[in-house]
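Sharing a structure with you now.
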Amino acid sequence: MAVVIINPNSTASMTEAMLAQAREAAPGLAFEAWTSTEAPPAIQGAEDGAVATPPLLELVQRAADQGADGIMIGCFDDTALSEAAALASCPVIGIGQAAYHYAVMRHWRFSVVTTLAVSVPVIEQNIAAYGLGAFASRVRASEIPVLDLESDPAGSAKSVLEEARTAAAEDDIHAVILGCAGMLSVAQDVQASLRIPVVDPVWCAARWFNWHQA
Amino acid sequence: MAVVIINPNSTASMTEAMLAQAREAAPGLAFEAWTSTEAPPAIQGAEDGAVATPPLLELVQRAADQGADGIMIGCFDDTALSEAAALASCPVIGIGQAAYHYAVMRHWRFSVVTTLAVSVPVIEQNIAAYGLGAFASRVRASEIPVLDLESDPAGSAKSVLEEARTAAAEDDIHAVILGCAGMLSVAQDVQASLRIPVVDPVWCAARWFNWHQA
Amino acid sequence: MAVVIINPNSTASMTEAMLAQAREAAPGLAFEAWTSTEAPPAIQGAEDGAVATPPLLELVQRAADQGADGIMIGCFDDTALSEAAALASCPVIGIGQAAYHYAVMRHWRFSVVTTLAVSVPVIEQNIAAYGLGAFASRVRASEIPVLDLESDPAGSAKSVLEEARTAAAEDDIHAVILGCAGMLSVAQDVQASLRIPVVDPVWCAARWFNWHQA
Amino acid sequence: MAVVIINPNSTASMTEAMLAQAREAAPGLAFEAWTSTEAPPAIQGAEDGAVATPPLLELVQRAADQGADGIMIGCFDDTALSEAAALASCPVIGIGQAAYHYAVMRHWRFSVVTTLAVSVPVIEQNIAAYGLGAFASRVRASEIPVLDLESDPAGSAKSVLEEARTAAAEDDIHAVILGCAGMLSVAQDVQASLRIPVVDPVWCAARWFNWHQA
Amino acid sequence: MAVVIINPNSTASMTEAMLAQAREAAPGLAFEAWTSTEAPPAIQGAEDGAVATPPLLELVQRAADQGADGIMIGCFDDTALSEAAALASCPVIGIGQAAYHYAVMRHWRFSVVTTLAVSVPVIEQNIAAYGLGAFASRVRASEIPVLDLESDPAGSAKSVLEEARTAAAEDDIHAVILGCAGMLSVAQDVQASLRIPVVDPVWCAARWFNWHQA
Amino acid sequence: MAVVIINPNSTASMTEAMLAQAREAAPGLAFEAWTSTEAPPAIQGAEDGAVATPPLLELVQRAADQGADGIMIGCFDDTALSEAAALASCPVIGIGQAAYHYAVMRHWRFSVVTTLAVSVPVIEQNIAAYGLGAFASRVRASEIPVLDLESDPAGSAKSVLEEARTAAAEDDIHAVILGCAGMLSVAQDVQASLRIPVVDPVWCAARWFNWHQA
């Protein structure tokens, strides 16, 4: 079958962008991408995550029942990741989880640049729960709402870049992780202007399935 | 309104037993109790917990919308506790969470006696996530399936007591926490035969709402 | 008998204020309040805490011998809390301990606003020792000496509020804990001007005894 | 160029076996394998690791200078991993590191079955340093010396399997990690007789380079 | 002046034995030794420690006031160590603290063999609070009451040795720490029969003052 | 024989300065000092540390073979400390390790003032690996290159002092640790102008050998 990317929010254009990005990142693998149509248009903070959980788990169960080779949770908050993994025998990877582990395995100390401050505690708790807190310097908010990343990519890239530069200057780090699935629209611009590696979480999660033997 | 006890599994007799226990524990408070009818009959391990999460969160949302004074998640695994709490502005308490914090605030080092081994990793991860791992000695399985607690209370009490005695003898502890909502059927018998305190999680969670000012 | 509030410092007016606050918070419980007359007038930093420990433990022993239903250590530093708890079979609660656990059980990430910088390391060590460091953002000093809280409540409230506002703006938190028993004089003013909950530690500790079954 | 597998011990037959295993695991990648001829014939415990470090780092430097696409440290102790990574801009992966991260990303709680007890503290410290201690149950010694794995594969497989079965029965785990590069000789036999997944560290590390974009 | 050894229990013969041991361990330093006459005859568990704290802190204050060059808390529980240190500007060292740090600085993973099980949680909490939990394997009780160490040294040595041997065989350690001030009576016998180093806490604490420049 | 100070960098004047400092700190002990002539002139960051490791371990092995009474790793990064300790049965002490443990045993919360930002992650990882993170406030870079400490002691002292003053003002600490072997040239000047203790790591490590019984 394929690796199913599940976008836990209901914005289909983000689902499409993730699918294109995954296919580019891991051309040898088959991907399809589903949108959680009953969910909020963006997941910003713990409450949005909770509302998005039931329809997400339904899709996870469906993908598992259909024999998915793998499942990617396409939100940097790794929405309901452990619950999703318990439903499926195939690998279930969150894009945040993939980015942190990749950075840590490269021996990189990192900061995260995410969208709004309301997501910061969620991300910090995830990193701590994965045991990787010692490798993270700071989780920083660029104060760009998720949906602005699509509607105003140029303005968004500027704000994200500014925060990423501050991180590179102040945080004693080797890499910056972009903390939102929607940031792949700005990833190239940010990388072009930054002297340290920029980790795109969708790229990381897509290529992860090359590790696992399908 | 009232404190709503939500049983994340579909066994209505357990819901009724929790409601009776809560009313006895905190007679000054109003309780009602709901059963998650779409869930498995018992939650044993991470997979059952994942399946039980979507219908549970629906009930949590409904309780919050109806103006519940508080919400109690009636499973010792604290199923989807952080997601549930993000949906409601009233207090949302898990019965496991209540039991651990009560023991720790009494300066008690504790062990847990639960049902099946498949629940042990879930419980250990919860204790660690709450930051309370240093106060827990061991999580022990009595190998009693959840539903046997109702169908064979005498036999179950004997097995639970045996494991609790081993814990008291070997684990350098001050208290034993009963690690299943269904264990209130055996709590009195176990306490009667044990020299250290036995903490019933439903009792703990029900009385907790006396702390909070309704 | 009653719950005995022990003020580990020798300022009797603070004892009286705590007693009044406890009675208002938990009207169904009997409280009395004792002052540790051999102690310093305020406990600011580790040295004051050490000097205050012996007369405090004497009072704790006396309260336990007289059959107290509970003991509240009325200093936000939770002076000698574990030693006190080891002397008594009844519950022994510190007002700092109560505030942290309450916040954590409400799923609140918090900052503390205390009096002088000399108290910051003591408070940080307590939070770490209770295992709750992951839920605390920052411990902040308002640079108000303890006794100014009584002598200049208006000026103190202003300084505490200013620091609390900074915490709310910068610390990614859901609540502010007031880090001094004497701050109940300013708690209402601060809450009135802050958009997130303000946790008063004496209130928290007094109502805690409604959790425990006397 | 290629991914260079560096065997930090001087037993060339182990190097050859790792190379064959890597080529089978990741057929799309180019591998070569070097033996650290100045090192001890096996690395058992911290002292062997220290003696093996200088010639290992020399080889790492040489591989980096020659433009290796990646470097794999072929000892489960992840000998001098952080020092090696600091010398090279390409990815440097330890086979132990790869196995732990893979298990954790699959949401598996694991135990390790290694060779001699003298290696247990080294492995436990590595797991702790990577932040993954919460996901590891136990590190177990089968008391098979490293070189017996080659000279007596049948007898070794029996001992390793016995310890792996005990782990599966007692440790509340989802997977067993084989804790020695030399165990690939027994991996298939062990997996064939065990009901939970067996993770081979060389397989894990070889396929990891499919994650990274060469 | 001198380093003052304060025995927090009231058994003067233990005080004398510690003084003799300290003088032998650090012949270039001046020691005197005080007995806390108001304390219990032995400190076994948290309650004894709490009772012993007030008279201990009085002696610490007196030693500080008299210009002590250093203060040694002569109980392996490090009774009231942080409170004692806050009272004095000279170094204040606990014998448990000294033993753990010495072992850790020698790169030794250790187990502790103490007297009764009631002391185990106290010791485990101390090790955790000092940050050294990762270096400790187990805290083991020999079930010898403190005062038997003096009244029956031969029998005690046998029991302590047996537990130390079990530790050496099972705990993956480099050293055994004797977990009681009174164990210096058996230290030589135990060391003579054990293949790994035995750390005597009084020796460690006495010589520590050679580190500090008086 | 003697305690051998090994300077892991190739700047012989730093070796000489350390030797003089050690002899002054611990006049009763015999010291000699070796320079690692194959190493970089200064160790700034992880890459320098990795390059310096092989020649350092060779010298450690030589010292151990010649019967050294002790070995001091004379770089604040504690270069290859655990590998070095595994090679020798005598004590092997890093100057950073000695400084942290000394501060912690004095019950001091500390900050470190080091040279360049590139060293900050290395130092932070060491403190975390030793378990002492809870006692460290911040690791601060003065942006003085190591070799400037010798070539421009006056200017260096000014920059180090400025950063140390900021640490004393902002970090809630009891002591400042100078985070470079080369800072002994500025230690006296900094201490003279600072109100809290300044810990020199070479002094600390030299005197440590008075603890151990040669």
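Think of it as A, B, C, D, E and F in the order they're written, each chain with its own count starting at 1.
Rule of thumb we're sticking to: contacts are C-beta pairs under 8 Å (C-beta built on N, C-alpha and C of every residue); 3 or more make two chains touch, one makes a residue touch a chain.
Nothing here was measured: the structure is a model prediction, and the numbers come from that model.
Listed by label, the chains that touch chain B and also chain F are A, C, D, E.
Of the two chain pairs examined here, B-E and E-F, the one linked by more C-beta pairs in contact is E-F. Looking at which positions face the partner, chain A and chain D present mostly the same ones, since more than half of the interface numbers are shared.
The distance from the centre of chain A to the centre of chain C, each centre being the mean of the chain's C-alpha atoms, comes to 41 Å. Between the CA-based centres of chain A and chain B the separation comes to 33 Å, rounded to the whole angstrom.
The set of chain C residues that touch two or more partner chains comprises 82, 85-86, 134. Every pair of chains meeting the touch criterion is listed here: A-B, A-C, A-D, A-F, B-C, B-D, B-E, C-E, C-F, D-E, D-F, E-F.
In the complex of the two chains, the chain C residues touching chain B come out as 25, 28, 82, 85-86, 91-93, 97-98, 101-102, 104-107, 130-135, 204, 207-208, 210-213. By the touch criterion given at the top, residues 45-47, 49-51, 53-55, 57-58, 61, 80, 82-87, 129 of chain D touch chain F in their complex.
By the touch criterion stated above, chain F contacts chain A in their complex at residues 117, 120-121, 124-125, 128.
Of all residues in chain A, those touching chain F in their complex are 109, 134, 172.
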